[in-house]
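Accompanying notes for the structure given below.
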Amino acid sequence: MSILYPIQYEDFLRQALQEDLGDAGDITSAAVIPADFETEAFLLSRTDGRICGLDIALSTFKLLDPHIKTQLYCADGDDVTANQKLAVVQGNARSILSAERTALNILARLSGIASTTAQAVAQVKDCKAQVVCTRKTTPNLRKLEKYAVRIGGGKNHRFGLYDGVLIKDNHREIAGSIDLAVKRVRQSVGHMVKLEIEVDTLEQLDAALAAGVDLVLLDNMSIADLKQAVQRCQGRVITEASGGIDLKNILAVAQTGVDLISLGWLTHSAPALDVSLDVNL
Amino acid sequence: MSILYPIQYEDFLRQALQEDLGDAGDITSAAVIPADFETEAFLLSRTDGRICGLDIALSTFKLLDPHIKTQLYCADGDDVTANQKLAVVQGNARSILSAERTALNILARLSGIASTTAQAVAQVKDCKAQVVCTRKTTPNLRKLEKYAVRIGGGKNHRFGLYDGVLIKDNHREIAGSIDLAVKRVRQSVGHMVKLEIEVDTLEQLDAALAAGVDLVLLDNMSIADLKQAVQRCQGRVITEASGGIDLKNILAVAQTGVDLISLGWLTHSAPALDVSLDVNL
Amino acid sequence: MSILYPIQYEDFLRQALQEDLGDAGDITSAAVIPADFETEAFLLSRTDGRICGLDIALSTFKLLDPHIKTQLYCADGDDVTANQKLAVVQGNARSILSAERTALNILARLSGIASTTAQAVAQVKDCKAQVVCTRKTTPNLRKLEKYAVRIGGGKNHRFGLYDGVLIKDNHREIAGSIDLAVKRVRQSVGHMVKLEIEVDTLEQLDAALAAGVDLVLLDNMSIADLKQAVQRCQGRVITEASGGIDLKNILAVAQTGVDLISLGWLTHSAPALDVSLDVNL
Amino acid sequence: MSILYPIQYEDFLRQALQEDLGDAGDITSAAVIPADFETEAFLLSRTDGRICGLDIALSTFKLLDPHIKTQLYCADGDDVTANQKLAVVQGNARSILSAERTALNILARLSGIASTTAQAVAQVKDCKAQVVCTRKTTPNLRKLEKYAVRIGGGKNHRFGLYDGVLIKDNHREIAGSIDLAVKRVRQSVGHMVKLEIEVDTLEQLDAALAAGVDLVLLDNMSIADLKQAVQRCQGRVITEASGGIDLKNILAVAQTGVDLISLGWLTHSAPALDVSLDVNL
Amino acid sequence: MSILYPIQYEDFLRQALQEDLGDAGDITSAAVIPADFETEAFLLSRTDGRICGLDIALSTFKLLDPHIKTQLYCADGDDVTANQKLAVVQGNARSILSAERTALNILARLSGIASTTAQAVAQVKDCKAQVVCTRKTTPNLRKLEKYAVRIGGGKNHRFGLYDGVLIKDNHREIAGSIDLAVKRVRQSVGHMVKLEIEVDTLEQLDAALAAGVDLVLLDNMSIADLKQAVQRCQGRVITEASGGIDLKNILAVAQTGVDLISLGWLTHSAPALDVSLDVNL
Amino acid sequence: MSILYPIQYEDFLRQALQEDLGDAGDITSAAVIPADFETEAFLLSRTDGRICGLDIALSTFKLLDPHIKTQLYCADGDDVTANQKLAVVQGNARSILSAERTALNILARLSGIASTTAQAVAQVKDCKAQVVCTRKTTPNLRKLEKYAVRIGGGKNHRFGLYDGVLIKDNHREIAGSIDLAVKRVRQSVGHMVKLEIEVDTLEQLDAALAAGVDLVLLDNMSIADLKQAVQRCQGRVITEASGGIDLKNILAVAQTGVDLISLGWLTHSAPALDVSLDVNL
């Protein structure tokens, strides 16, 4: 699984640190804490969950103050329980407290997505279906949030408009027919690109299979229709279910035999994991 | 209420558009849709909620293609019902579909925060307590998310470490005493800066009142203690309740007479509002 | 075919204009040309070739001076002859001359790549083989240079390390076997990603076919081996020839029946097209 | 000769690395190569040439992964033969392969320019004429490409519109006369700035000499006219030949006695040097 | 007092270094100084003054060349005399001389502001009045210049439009009355924000006190009126004098009993401190 | 004289506007001024001076709000008297007041430099000597401040380390001799670059003249020595006086016959011009 290189997120963290520091800086710590006060602090989980972004969060401290030392007690992908120590941070107390909120915000968000994804994956663990995310991500955090989905046990769908074709309703209707839309894509895109089409009915599915596609997105279909759809595809194309799927009905969807289940809420509505930093005086 | 100038978010939107376009661009629309195809599309709500970020979302289309025209059917702060038309977008079909996801992602997120805030505010509408947000925001989206809280009827707490003093547990313990921490702040910060201190017990509250502060953050106190605390303050300082407050107990908290109720989940865990774009062929 | 949106290249052009202007600006034009002198100038080809980047080049003038008017006499993808007028630029003479070199540099480079690609494509026009580019592009110009390849009639291969798997010699050797490398990829990557493997011998080809891949990169094979390879693949996978292919032997390579011919020199060594700007006094 | 400081190109390299990594990263290496696999790899020349950009290329690896060690076997300016080891790179195998293409692209391009320049310089080694480059460089790579010309043994002409006056045809015609153009420049620019004027005929040359300039650009003149021009100048001004000069006729041009020969193709059309990276398993 | 973290100014310094290096670099040092020449150089004061920005200036050398070593002989806030050694810089001579001017420019400017502030503070040392700066700072240097004011012994007023309310003449007149302006602010801003209002007359002061504000800005008042104003306020609000105050009359202003004296010229017109770098051969 | 293109300063202005707005924005104007209130306001001089940066200042308003209209009453280079209207700004009152301080700060600074330069130039108006600036500019404002010097009637010296050679004491001493330093430069730099050398004594001057340079910087010489120096140069090289020159002794320096007088204080210590914005209700 692809891990992010620091070069891919350090500018994001520097910008976030400056968002919190502003021009006046951390006026509370500067006033209250002696300049040379050294301390250590623990990153802690406050509820159960799947950890993601721990390395990234720890690098936040080091970007603010290269003298800070950190040590991991767990790693991205680990399931933790409430009040578990995740890592320790040692160094200048002002620096640690100045970076605290930025580090926690990124850790809480990514762990929240990973934890939510892990819950969905757990529901379908006895089926072949894979849980996949969508492009419904926070603007400018996509690479981080897609990474959190992978850490949660899910797979990534397209990263953007650029790395795969997905013919949706609007495209199909403008093109006039499924057949025409697919033909135009085949003439246009390169040989490394896969072609998926969204279908809402079994009739559209038949047209898509006839036109020749790599994947079909079965959107908002009933369980019965999903079963039918999977049968008709006979393994010739990859099948993906989407629309109106939650933790209660995901198993039923998976049991239809679809290959993929895509869930927008993994990224757009996952609650943050509760994490905190405790100074150890 | 302070509205954002475009200069404050346009770079963010340009970056988000490029996150979705990548280097190859929108290969689906480029293949399927004729280059000069003009269309119109509606932004729609899919559930009830408070709208926020509509102007910002519409400017996303125009940043990609300055020839696109847009018209608002409602404004930030309006409460809408499911399937209500929010705005219309007219122009080149490729451009509209290429910007769609970025525009929806920002609208869904900000409206989600505004809607969640509005729910909290509604619970305490008969009390004097104001709902306020925290610094638990998505990294690099703080100004947008704090704006969404205002649109939801909440008030903003500090924007960062720079525009107010908040002496938390860790600061207090390093300083040695509440009195000493407050003294150091008074010597250090400027005359435009307010001083708040976090207290966990009534004894700490008494020390804070004696030291002289502008606000007290009553953290994780019972309803009974909150009532006591409000009484002891006698209006001399602003009182803020925080910790473990949800939609179920917020009214009880407000009824203790506190001035402010701060809620981290307004920004770190608000689910996105379901919004979509429908092309009108 | 995907066209670039201005948002994808305008910052690049602004940066290039400033590279040429520096801090002192265009000291020659400022000294010699009256401030309000209006003129018109033609962009001209000096040799035959395929035009690419004309819109981009013209936007360079407008980014420096929004009052400048431009008109196209041809479009990206047109084949032109020497001394043909490509476009006219009208407005302030200082602005036109200050932007001239930047505009010409981008037009010359992209048209050079398109022209070189068109020559390669012309050689194999009677075969099914498609000409494709590689990742051997100028750092930070990849999206522009890949666009020029498309304008030249070629297809794009991967845009980066992120949008397709290509198992090369080094990967295969570290993995230990073709079979193992392919298995690891299948477990790791998402369902939208295609898998290509580089093979140097027919034995490796057999192993790749057995492991199950989407494409095979036949590297530095003789014409005889390429023919054999195509036969063995029997249309089950896409075949790509690469290595040591030039304008002299490309037809022979294409006649082996391969699907794709990839050429690094389309982007790393294409000579610029000779273009100029003539003021019309 | 001025060497670039890392601060002058590291952002360029970071941007180029991210261009290749995208948001998903190097999915092949992440899938196939164990996370902790350490290796070493050699940078190799594949043909003869002049090396340029080796330090820059090696820093690409270190910007991606600071733990990588590198060692030079030659230096910028060295002439190498085919299959010569240029440097060794040691460290994490994923990191090395993820940075490989970006490092090679920059090395290949700069060495290509240096090699081409060295060829031109070699042709005129027995004359006093110096080979100089122009502003016909790749947008936003000018400082790197001008450095490569220096490494190739050439000299740099103006770096931009800002560091020297060059009155070209268009300026002269708008001004009305050579005399007037030169006068305006003398009144306008500072004392550190040299003044060059482009002349196409001997009559124009006489006017330029009369007006008083520091250099004359003898554009597209015949060998006979160049000789005449050099004679008329009598060493009072620096003479520069340009236009239609290639490796075949450059010696004849040099033998006219001109001081400088400027060649646009050193930067706009130099083919890349063939370089590669071989993992040493 | 809040100290700046390097993350808050390093990009500013890198940009400044590149402003001085341009694309050609330090052509003098590259030509004259052998590549490996090591040296040491002293930063010196040339006149008396208060030092500010010494750490920042020294980091300039290290950003250009991480091998450079530096040692402080004094610290920000120290008062120095002419020709005092402030710090020593050791390492590559080219690097030291290439960074010299940028380092000196930042040190001279910040020390100039600190020295000017210290002079103003010294004048009023026996009064309770504090010297404060304004928003009349050099664009994009505000955080640095406000830091210099703190080092000079002054206090900071608002850092921007965002961290405090200041109702000025123009606001008040548009609102129609002081009372209305204050009411609107109280409804709009959060609980961490203080409210100041500019008043030009004692009548306006009375209206402001009646409306309820946190501070009053007494603008361009006579000494007599200032005394009256202070009396009327009776310590209920913080009083600030501004307008037409210089080193000659500042003591008289302070003796009126005002809490704050704001001076635009601390930042917009402070002369640079004369500092230099001497190589020790 | 070279005028700046907007592309050269607009990003600087956008950044400065955001420095003042922060994340919360202009909370005073948002609270007090109705959202649609339109007004007009005048930019005024408060003292006599030379105006510079008026176009730049006015574009600040338009960058914040493109609907704002502006009209110039004077132009860069005009000498104004106290309380003269410089320009009018019309449009949304919130926008005008939000941009006011940023616009005034840039106008005040550039006009201050232009006014100071004009004073120096006026002193020597009857001599041939030109007033020139140095590299002692505010970091990252050099192009703006050098422009202000030109508007003040001065000339620019080098813009950076890149566009001219200046051999200073430190270079000379490391090289070992003037002759050696000059020789190394001649071998290294291109033909468009002028060579200046700093000399402190007449002996050094003789050595410089013997070595062959384009300009001599006569540093900290007495009036008598300056006269001697000018005589010895006999017009063969350009002479520049620097060091310890102020408005009182500048005429005496000019009367020695030097060509250039360079003054660091034009840019590092010029007091701001007092300018303001008055809303016209």
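Note that the chains are named A, B, C, D, E and F in the order they appear, and that numbering of residues resets to 1 at the start of each chain.
Keep this in mind: a residue touches a chain if its C-beta (ideal position, glycine included) is under 8 Å from a C-beta of that chain, and two chains touch if they have at least 3 such contacts.
Here the structure is a predicted model, which is why all the values come from computation and not from measurement.
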Partner chains shared by chain A and chain C (touch criterion as defined above):
B, D, E, F
Give the label of the chain whose average Cα location is farthest from that of chain F.
A
Could you tell me which chain lies farthest from chain C when each chain's centre is the average position of its Cα atoms?
E
Whole-Å separation of chain centres (CA-atom averages), chain A against chain B:
22
Separation of mean Cα positions, chain D and chain B [Å, integer]:
51
Chain A and chain E have mean C-alpha positions lying a whole-number Å distance apart equal to 44
Two or more partner chains touched - positions in chain A:
1-2, 19, 21-27, 30-31, 98, 142, 156, 159-160, 162-163, 188, 193
Take each protein chain as a node, join two nodes whenever their chains touch, and name the resulting shape: line, ring, star, complete or other.
complete
Within the complex, which stretch of chain E touches chain F?
12-13, 15-16, 19-34, 37, 39, 41, 93, 97-98, 101-102, 104-106, 108-109, 112, 135-142, 159-163, 165-175, 181, 184-185, 187-189, 193, 265, 268-269, 271-272, 277-279, 281
Chain E contacts chain A in the complex at 1-5, 7-8, 142-143, 146, 156, 159-160, 163
Which positions of chain E touch chain C when the two form their complex?
19, 22-23
Chain C touches which residues of chain A in the complex?
1-2, 130, 132, 155-159, 162-164, 188, 190-194, 196, 215, 238, 240, 259-260
Taking the touch rule as given, give the residues of chain C at its contact with chain F in the complex, in rising order.
14, 17-18, 21-27, 30-31, 35, 63-65, 95, 98
